[in-house]
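In this document, chain identifiers A, B, C, D, E and F correspond to the written order of the chains, with residue numbering beginning at 1 in each.
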Amino acid sequence: MMNIAVRNIQRAKSELVNAFGSIGVATIHEAQGRTGYLGAGIRPVNRGPHISGSALTVLATPNDNWMIHVAIELALPGDILLVGMTAPCTDGAFGDLLAVACQARGIRGLVSDAGVRDIDALRDMNFPVWSRAISAQGTVKENPGAVNVPITIGGSVINPGDVIVADSDGVVCVPRNTADAVLDASQERDTKEHDIRTALQQGESSMDLFGLRTGLEAKGFTYVDKAKDK
Amino acid sequence: MMNIAVRNIQRAKSELVNAFGSIGVATIHEAQGRTGYLGAGIRPVNRGPHISGSALTVLATPNDNWMIHVAIELALPGDILLVGMTAPCTDGAFGDLLAVACQARGIRGLVSDAGVRDIDALRDMNFPVWSRAISAQGTVKENPGAVNVPITIGGSVINPGDVIVADSDGVVCVPRNTADAVLDASQERDTKEHDIRTALQQGESSMDLFGLRTGLEAKGFTYVDKAKDK
Amino acid sequence: MMNIAVRNIQRAKSELVNAFGSIGVATIHEAQGRTGYLGAGIRPVNRGPHISGSALTVLATPNDNWMIHVAIELALPGDILLVGMTAPCTDGAFGDLLAVACQARGIRGLVSDAGVRDIDALRDMNFPVWSRAISAQGTVKENPGAVNVPITIGGSVINPGDVIVADSDGVVCVPRNTADAVLDASQERDTKEHDIRTALQQGESSMDLFGLRTGLEAKGFTYVDKAKDK
Amino acid sequence: MMNIAVRNIQRAKSELVNAFGSIGVATIHEAQGRTGYLGAGIRPVNRGPHISGSALTVLATPNDNWMIHVAIELALPGDILLVGMTAPCTDGAFGDLLAVACQARGIRGLVSDAGVRDIDALRDMNFPVWSRAISAQGTVKENPGAVNVPITIGGSVINPGDVIVADSDGVVCVPRNTADAVLDASQERDTKEHDIRTALQQGESSMDLFGLRTGLEAKGFTYVDKAKDK
Amino acid sequence: MMNIAVRNIQRAKSELVNAFGSIGVATIHEAQGRTGYLGAGIRPVNRGPHISGSALTVLATPNDNWMIHVAIELALPGDILLVGMTAPCTDGAFGDLLAVACQARGIRGLVSDAGVRDIDALRDMNFPVWSRAISAQGTVKENPGAVNVPITIGGSVINPGDVIVADSDGVVCVPRNTADAVLDASQERDTKEHDIRTALQQGESSMDLFGLRTGLEAKGFTYVDKAKDK
Amino acid sequence: MMNIAVRNIQRAKSELVNAFGSIGVATIHEAQGRTGYLGAGIRPVNRGPHISGSALTVLATPNDNWMIHVAIELALPGDILLVGMTAPCTDGAFGDLLAVACQARGIRGLVSDAGVRDIDALRDMNFPVWSRAISAQGTVKENPGAVNVPITIGGSVINPGDVIVADSDGVVCVPRNTADAVLDASQERDTKEHDIRTALQQGESSMDLFGLRTGLEAKGFTYVDKAKDK
């Protein structure tokens, strides 16, 4: 690991980043070919928020939050702080003081592969956080990691400046250089889902709407009229 | 596994099914001899709902939701959709579109041994869901399973047409052919607990109310007046 | 294990215990040198409460809640019930009837290394509970454990009469004989954090406030102006 | 749960049961339509053995091994002891003394959804055991369960008298009334796999042998000659 | 946490410590009233060894092995190194170099609540290790903990100088001041088990040997001659 | 996800790849700045092997092994098959037939983020496998993924053609374009460790060898001569 902080990263245009804010994580994940999801282990600490922003990445060492301080200083308004780990750790590397510092810089939220604390205060401050754990356990400032380098969370790679979207389903990363196309595909999917929703509400079968009868028989699937009752 | 969908299953009478709707899962679980609980791993996706219904069962393959579509088409109003898996999987096999389809058919809720997504939309729609995981990860329609066959979730067997009750403690399954007796026992237990609650509120000791002093001494248990202070 | 219940334990003065009630778990954990935290596995069953009290300890055997009944009878107003286990278990050893019994004795809440049930009723009663699991699975009264003996939860030792504080971050134990000093240190920390919060809100960098630039370079950390774009 | 022990159960013929002893668990699992596997959580305590036998089932309560004693007394030579749980538990409900008792009755091995202990002694005695956990934690004899009733382990239902096969991949259950057909299908599959193995060793591609080129293109899969080097 | 190393601790006499070396962990755990077991999560890295020794305790911070170096320097021949953590961590805090240092000081083995690495080398050196994880991930020397203070692993408290016994079932701690009595009780239990083993081998039922028929009926348990065949 | 197979990837020179075969995973992980480790969850299925090779990568969908067949056909002697997943899955996507196919193509081993089966046969064939799970559960060939694209396992990114080393501590990935330098650093570290080992065997303290006394006092660490005995 190079112990560096990269000062100048490229970010997607803010109009583009913001346009993702009204689209659900599951929809975006579908629209970009089912990639970029940070997995079921990253959960919102307080239910409710739905945000988008530009990835400000941290690669942190276990039990250490030094790099988070370094990263906040390099933030621009509209960033989301993404904390990856060099090894698994649940310690509470982020709390209300860091959230105050984030808000002062215009950071929109935190996504962490480690733990967070002061979660009641985070809720009262309206600072949105997604994390792998909640823990009061404190951390130190002894072992540098890196800032604005590529990280991975839940099997997805996040590069600094990628577009991040987070809601109650979790978090998705959209690479910066494909964000335009993914936004279009996401919006198209949203529109299409609206029509499907209407059709379903009117009683149409999803078997017909999605063409799901085709192939069932070929795979050996059959309908039977009655099971033998036990 | 037989790849079949059974069209005509027997269901308990709706009066019976509905009568369970006001009784807690823990009480029913006790009343039927501590059986039928689907375990601590099945949690409500949104806190609040308490429902009862008739089991419409799905045996799904990992990362595939084809059978859920097949099952919804076979639903009757008052059913609850129960999704068991042939192998462990956390993918989001159910989302808001399927919930719309469920509501259009009068399905009261979903219980899934896999993952679900669009959980904010599910909350806004008032469609109750219990699941093992929350995940935006999408699924395919390639590998048929079965519909309305016996399944297991959390160590309990669920037959199609069994009575299902779900609240914040989780989910319990009451076999159709013993549902009458279990309802009686559950209501009796509820009544009895009301009296106990009153007695406890008035300051009686649970040691007396439940006869818990008997046997303590025989098992070598003793009261001591004071521990040596460290 | 000695199968005993200790009747007369020493408790901290109620003024002292109560003074902890307005201080966060993470702050107290820090103030006593990052000890006493019961770990990330102990979570509030219903979000919201923040309580302090005197530890009434139970050492329970798996699938058995006999000792909880014994303990409640020995409670004084202001106690918090702490349930440790002789072996891991998620069963629902505590429910609404026991909560009624607790409230009748002035017990302020429950912290359990096992499972609890009737959690909607617990919320409606305003009885605060922290636990490792939620499960409707019932328990028996067959195997005595002990009451008011030292227990461990999440790697921390809890002695009867210790001060317990619990909020949304989890639970911390403050040994009775150091509680005075820990309260002072906690309050001092709270005051100090107030000043830091103000400085951060005014835009100061946490790197300056905490002196975090020192040492970075010595550990090989460098700032670079621009990463090579991919 | 009915607290009963069923004395006379039907078993498959010993020739049939024994014939399964030379076939791998994965092969049998395939041959019966990918059903009956007890899951990845049930592992051999000591690597090596490969056994088949007739299921002698126990439904045990957490931290209690009373029913194992009851079951052993009802065993016939050729049985395998299958221990299911009413709730999750890792305690060491089985050790070397019970293994001696099993061997004296001709029981061929143990499969347990809980924990076992004395595992060095079990290895020295050549008594094969598969379990979810290894734990020295002892259990009691206070809470009866049942013997020779249907149980579930890892999502599969096991009826007393079913055929059980266990090897290093885990454990599979073959229902008694389909065991004949499953044996035939398993042996046929074994033969077929022998031919495939030979073809593969001679350098044929599995893509051709299994007809895996068909459909790839239709699903949008393409071969590209060279990726852009980073 | 006090950051201290205690130089002079009391140890049990070596004859006493060594006498435990031939007794199984499960037996000792039983003989001292089912206390002191370090839980099912602590497993031998290489199967085979069975050791006893005097506890040399380390309280380590996550991702840091500085204190292990401090502890080894304070070791006496016959010690076993016990590493507890201030917070959960799987990093490989111990490897072959530290094992060489341990052997040079006469340390008999390692028990760690974190991870270890170089496990092939540990096997080749015959240095016995029990741990919660195996991981190549390296650690730092930045955050002191403590040496020869009380620690907890798996819910059991370990004081420096306690007697430790480890075999394939895991690890048990015997407090120094009760070790004499526990040794006697363990040996008595071993002798008794020898007689039971003989009786079981001769075909006696464990139901008779342990008096397990008594009470079954009173708890509602019944034998039935035949289940209705499905 | 692009559903592609890349036919022509760049590989490191075989001399370079092979030179890593005698160096431990932990050493290489250290030598490249503690990066590239695939985590504590990837374990050898059979203990013993220590291999190096060139990464042939597969991105597979849950419960599907189609891409493994595609990849094997593209293998060159000296490759190691690396299977990443689009979502978590423990199914047995690889067994003895695929191992035969691998050996026929000169593939040296498998590293999988999913499950494997037929593990006794794998041991008998001397085909080395590391995986997250062992499971007899079969998979299908319905949902293409990709071959020779970047994947992640355990938080590390693996590009096709990277150097892979695996031993009992797990698996490490060395990027192709830094492999030369990492090999040098690894060998240097090995040499240095040899000298340290000798010094430790001769009784030198690791505190002196690694300069670990410096800084202890500054961090508030102190030696005390005697703890108060309890």
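A few remarks follow.
The definition used in the following text is that a contact is a pair of C-beta atoms (placed from the backbone, for glycine too) under 8 Å apart; a residue touches a chain by one contact, two chains touch by 3 or more.
Here the structure is a predicted model, which means the values were calculated and not measured.
Listed here as common contacts of chain B and chain C: A, D. Minimum number of contact steps separating chain A from chain E: 1. Here chain C and chain D face each other with the same set of residues for the most part; over half of the interface numbers are shared between them. Of the pairs listed in A-E, B-D or A-C, the one whose interface repeats that of B-C, with over half of its contact pairs matching by residue number, is A-C. Two chain pairs are in question, A-F and E-F; the one with more C-beta pairs in contact is E-F. Averaging C-alpha coordinates per chain places the centre of chain B 42 Å away from that of chain F.
Remark: chain D and chain F have CA centroids separated by 30 Å (rounded to whole angstrom). Within chain E, residues 34, 39-40, 86-88, 90, 135, 137, 143, 230 each touch two or more of the remaining chains. Interchain contacts (touch definition given at top) occur between A-B, A-C, A-E, A-F, B-C, B-D, B-F, C-D, C-E, D-E, D-F, E-F. Partner chain C is touched in their complex by these residues of chain D: 61-64, 86-91, 135, 137, 140, 142-143, 230. Contact residues on chain B toward chain A in their complex (touch as defined above): 3-10, 66, 69-70, 72-73, 90, 92, 95-98, 100-101, 103-104, 115, 117-121, 133-138, 141, 143-144, 148-149, 159-160.
Only residues 1-2, 33-35, 39-40, 84-88, 150, 152-153, 155-157 of chain F touch chain A when the two sit together in their complex. Residue ranges on chain A touching chain B, taken from their complex, read 24-26, 29-30, 34, 37, 39-40, 43, 50, 167-170, 172, 193, 196-197, 200-203, 205-207, 210, 212, 216, 219-227, 229-230.
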